[in-house]
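The same chain A turns up in both complexes below, where it pairs with chain B and then with chain C.
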Partner chain A sequence: MTLSPYDLKSNYGDVTPIDQDDGPSPIAPIAYSTEYSTAMAYFRALVRNNEKSKRALDLTSDIIKHNPAHYTVWNYRQQILFTLDENLTKELEFVKGLARDNPKNYQLWHHRQVIVEKLSDSSKELEFINEVLDDDAKNYHAWSYRQWINTHFNLWDDELPFIDTLLKDDVRNNSAWNHRHFVVFHDLDAIDESLIQSEINYTKEKIRQTPNNISPWNYLRGVLEKSSRDIQELESFCKEFTDNDINSMGWLVDIYENRAKNGDDQAKEDAIKICESLANKYDTIRKAYWEYRKDEIAAPSS
Partner chain B sequence: MASTDMLEDDTLTEDSSNITFDRDRHVMYFKRCMNYLPEPYTSNDTNRMTLAFFGLGGIDLLNKIETIYSPVQREQWIDWIYAQQILPDKDNPELNRQICGFRGSPFSGLPYNPQGCHESRFPFDAAHIAMTYTALCTLLILGDDFSRIDRDAIVNGLTYLQKDDGSFTQTYNGMESDMRFLYCACAISYMLKDFSGIDIGKCIEYIRRSQGYDYGIAQKPGLESHGGSTYCAISALSLLNKIDEGLISKDRTIFWLLSRQVSGFQGRANKPEDTCYSFWIGASLKILGVFDLIDKEANRLFLSTTECHHGGFSKWPDLVPDIMHAYMGIAGLSLMDEPGMSTLDCALNISGKARQNLENSVFWQGD
Partner chain C sequence: MSSSTTTSNVLLIDLHVKYIQSLDKKRDTLEYWITEHLRLAGVYWGLTALDLMNHVDALDRDDVIAYVKSCQWPNGGFSGHVNHDPHLLYTLYAVQILLIEDAIDAVDVDKIVEYVSDLQDKETGAFKGDEWGEIDTRFSYSALSCLSLLKRLDAIDVPKAVEFIMKCKNFDGGFGSTPGAESHAGQIFCCVGALAIVNSLHLVDGDLLGWWLCERQLKNGGLNGRPQKLEDVCYSWWVLSALSILGKLHWINKEKLFEFVLSAQDTESGGIADRPGDMADVFHTVFGVAGLSLLGYPGLKLVDPVYCLPKHVIQRRGLAERYKV
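Up next, the complex of A and B:
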């Protein structure tokens, strides 16, 4: 529903609208539509009296459609909804309708969180989030909200199968890898050697399927850091990809640099050689970085 | 013949350092935006202060503020900014202590007053931390000395915005809290030379907890590492002079940042490059002292593909420009010492000259 200026005048006849006073020399004035500036003029009048009514609620719906980032209007809307004891399940539909066109609007996601927290009902939420991720599997707001749902309602069971599906679609989806880390390690008591090993195996397999994908390599390091295990043990795995994956080459630099620090001259030579090929052939956009690493490794240890 | 020569000068480039950069068309783009923004900017109605910051900040980085705007015009705009300041109630300061600072625009409908508004609290009209940050920056850009700033009110207002986990909300009774607003709180405290409104230990703890397994930094603990939040965290640490305490592994964070370079920069692993990350990632690297490790030529080449014919920059090639990406494109170039452009204070995100105005401001004098 859109309120025309005419509707506003007839339904709000007892209210004196208040115009915005932008002074004699406004910076960056916006060419508002008449609908928006009229609705805002009535909003200012209603909010000044802190009126919490059905017509005030309708007015917020209208303004939000013009400007879904109006945090003050969202805040007012929440107060009205709670005061009038409105049907909050219906409110979730309102948010869903807006999310189609505004999936990256901060206020809208937060509003949903406020409503769902009040309802204490998460039954529709994963489905809602999945629809948004279906359009954009890396939507930061959707992932942020999902983590809140997981934690707040202790909902974890569907997560790993869901992540699997996403990684089958796109193994380079770094948001999905990040969520995997969040889910797998959310319960510190559940971390044991077999969990670590199975995550290592899973990740290695994904790396073998698609080389030159930084996301699983970062994940792999994250898994190792949750245990007492060291990247040194992955030398032979890294060597599977020699000259074929800049991530494995970078890991080998780290592995050999570590050994060089302990006096292994062969490792030092190997590390320098890999830095050179990364700088000059395989990862030339980071040439300066690999040359810097090479100099660090080559310098006599103090 | 002459025109052919000129064409050849432009096109026969051996490397991107010869790409010509037409400063004037960008100045005109920003100038147009400051005079008038079309209807689609309505969704920024409550954030006009940030639009002012991007537009006037962009002109300032192009070294043209004083050339194209008269002292009278600058003074009128300083007045407009001060008109958005919410001050303590004259009769009873306790009445509205929680909401002091700056609004982003006069949307709440109070009468215009360049001295700021003392009006006691009316519902839902509160300062917004990002607007306070951009208001302070824009005042410096316009040459103001903060003499109308109520420092105590703003610093005190920050105490109501920090959450137990160390992050900040944007307004009193705020809707969200994350790294963006933590950065704003640190930048405001730094510019006003008063950190008593924030708990620094909690800020550092929040930043440490938001570092990911890849050592980039997220908006919140557990979320994906992101170029924008990494900039906010590193700049905040720099303003607090706590880089070493706040970064779990500086070397690995540097590697995460450098790994974002594709030609320009992406904000997250395996995402497309985007104009604004030339600034977010570039400025982070500069603060950490390793900006020279990037491939500047490749970055300049990418930015030349998002530079728009009639001025401004877009997010991706072949899109229309918007004022935020226009600013970020200019700021990204100024990091690379583009000729004719101002230097940039990376942590505050203002020009060297605006930084000088800060050091001459009332709260910095006498030190």
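Up next, the complex of A and C:
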């Protein structure tokens, strides 16, 4: 980073920089980065004078590049942009440049959202988000922002193919499964039997490809929740995996527990047996959980 | 400054106390200055860890109170440091610090209440983090926790706040940052904690969420924050606190988690890192210590899982333990 312009009297000769107030009981001497401290001293001075100018904007660019989590500087930058009626499309480039090294910075994402909302233009957004997800397909900020873009601009058409691609890369990507739920069920009027069936088929296929992957199992629960269908119908599917997939065993516990509640003693016995093998063999780290399930099932129904 | 290669199977309290005390003496490093915006959070993290380790006096009480006061703005909010903008997160930290020091009267409480309640969106019940409008369930928690600690929940629309939080509940039983966002252990702590504060835990499916939470424990004993992510000491807090509030703390394998957290200690310079071998920081130090406290690690004071403050502070404040389900 270059912060030398602030040393130039020609640019800042009229500004008296304000040194850092370290709060009570400061300890001297301070020898931290002089570039950064100089920039901050000028920043404090410009804020005090409420100066919204091109040079103030440049100063915020430099400070943010050095310290992207400095939320106060971001806030001031936003005020300058709007006051000067700056080219906001250019601002998107600035944010994009920063996102490469700081993809998990809260301020950057919120700033982008404010700018895009003001621009009323989403044309660059999916491409931008895709680039970030290309580096880290589970970036929480990117996904949340994507959902805002989907909703705010009613942009849904690219989503399922995009999710497919991601799940082909990594079928364990929980963020992609969550987004699938968000997209598939965003329009409550579009939910019908054929949609439910096709989601069940899709998910079953993914589970068969890669056992011991909790995300599609959770998704399956989410799909069933949106329909009037019962988990009982998944018994034979779950049995395809018994003994090599903890999730399918857990589902069988749920399925048999339901049946046991309706007086099926065989199902009760089966559910208890699976809980025991999960507690003692397959999922021992969660022994207490499976013992809790077992006790709940074994207890005489009140 | 490199993290040590040896590990310890006990909590190195004296070393961690020294580490926290040393944090304010690193003013010759750039890192100290570029973390300036969250200095107040650092004080809360450090002080809470110290109190849980029975060393609250390791930071000078008068200095701490004076520093917190210096971060309050005329509108009632607090900033992360002098000369930064006020924000809800730092406002909660300020209140938490002052309660630990039993000095809440040192600041203008009515102005804090005004600042926090003004951040609620009247339509949705959500909370903004500051006047710039970012929405997140972290802010719902911050607001409810802060006003509850100040005994001023009457200042906001609680049913609306709950309504927004419930919109962030997902099909897997967890909660995200905004409606539809992926379940994440940090957000789950915020949502479950907030619901506990306003006696609304009946809205949570405790068994389903409890399963999701205990499913976060990996073979090495550590906890992750989402499926298929790496384990991290801070989730010892986010996951455990939520499980504790739901009354299901024992679903975690305690010995294995002890082992994991203790192995992330820096045995030379003190502090706890996100995972073994990484650099320690005060954030992971407090959440490691708080997690150990929840699990009943010997020699630590008890922590309150809802407020993330030592339990004695909550008792002194006369706040009820509302989180028993």
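Methods note: the second predicted complex is superposed on the first by the 287 of 302 C-alpha atoms of A that agree within 3 Å, B and C clash if a C-alpha of one lies under 4 Å from a C-alpha of the other, contacts with A are read in each partner's own complex, and residues count from 1 in each chain.
Heads up, the rule we're going with is that contacts are C-beta pairs under 8 Å (C-beta built on N, C-alpha and C of every residue); 3 or more make two chains touch, one makes a residue touch a chain.
These numbers come from a predicted model, not from an experiment.
*Asks:* Please determine, from the superposition on chain A, whether chain B and chain C clash or fit.
*Replies:* Clash: chain B and chain C overlap once superposed on chain A.
*Asks:* Check whether A:237 is in contact with chain B, with chain C, with both or with neither, and answer first, second, both or neither.
*Replies:* Touch partners of A:237: none, neither chain B nor chain C.
*Asks:* Once the structures are superposed on A, label A:19 by its partner contacts, choosing first (chain B), second (chain C), both or neither.
*Replies:* Only chain B; A:19 stays clear of chain C.
*Asks:* Looking at A:94, would you say it contacts chain B, chain C, both, or neither? Reply first, second, both or neither.
*Replies:* neither
*Asks:* Given the touch rule stated above, what does A:181 touch, chain B (first), chain C (second), both, or neither?
*Replies:* Both chain B and chain C are touched by A:181.
*Asks:* So, A:50: does it touch chain B (first), chain C (second), both, or neither?
*Replies:* After superposing on A, A:50 lies in contact with chain B but is clear of chain C.
*Asks:* Do chain B and chain C touch any of the same residues on chain A, and if so, which?
*Replies:* Comparing the two interfaces on chain A, one with chain B and one with chain C, the shared residues are 20-25, 27, 30-33, 36, 40, 44, 66-67, 69-72, 75, 106, 110, 114, 138, 140, 143-144, 147, 172-175, 178-179, 181-182, 214-215, 218-219, 221-222, 225, 285-289, 292.
*Asks:* Over in the complex, which chain B residues touch chain A? Could you list them?
*Replies:* Going by the criterion above, the answer is residues 33-39, 41-48, 51-52, 55-56, 73, 76-77, 79-81, 83, 105-112, 114, 122-125, 128, 170-171, 173, 175-176, 212-214, 219-220, 222-226, 255, 258-259, 261-263, 268-271, 292-295, 298.
*Asks:* Per the contact definition, I'd like the list of chain A residues that touch chain B in the complex.
*Replies:* It comes out as residues 18-33, 36, 40-41, 44, 47-48, 50, 66-72, 74-76, 106-107, 110-111, 114, 138, 140, 143-144, 147, 172-175, 178-179, 181-182, 213-215, 218-219, 221-222, 225, 284-289, 292.
*Asks:* Can you tell me which positions in chain C touch chain A when the two form their complex?
*Replies:* Touch list, chain C to chain A: 24-25, 27-30, 32-34, 36-38, 60, 63, 66-67, 70-71, 79-85, 87, 130, 132-134, 170-172, 176-178, 180-184, 210-212, 214-215, 217, 219, 221, 226-229, 248, 250-253, 256.
*Asks:* For the complex, which residues does chain A have touching chain C?
*Replies:* 20-25, 27, 30-33, 36-37, 40, 44, 66-67, 69-72, 75, 78, 106, 110, 114, 138, 140, 143-144, 147-148, 151, 172-175, 178-179, 181-182, 214-215, 218-219, 221-222, 225, 250, 285-289, 292
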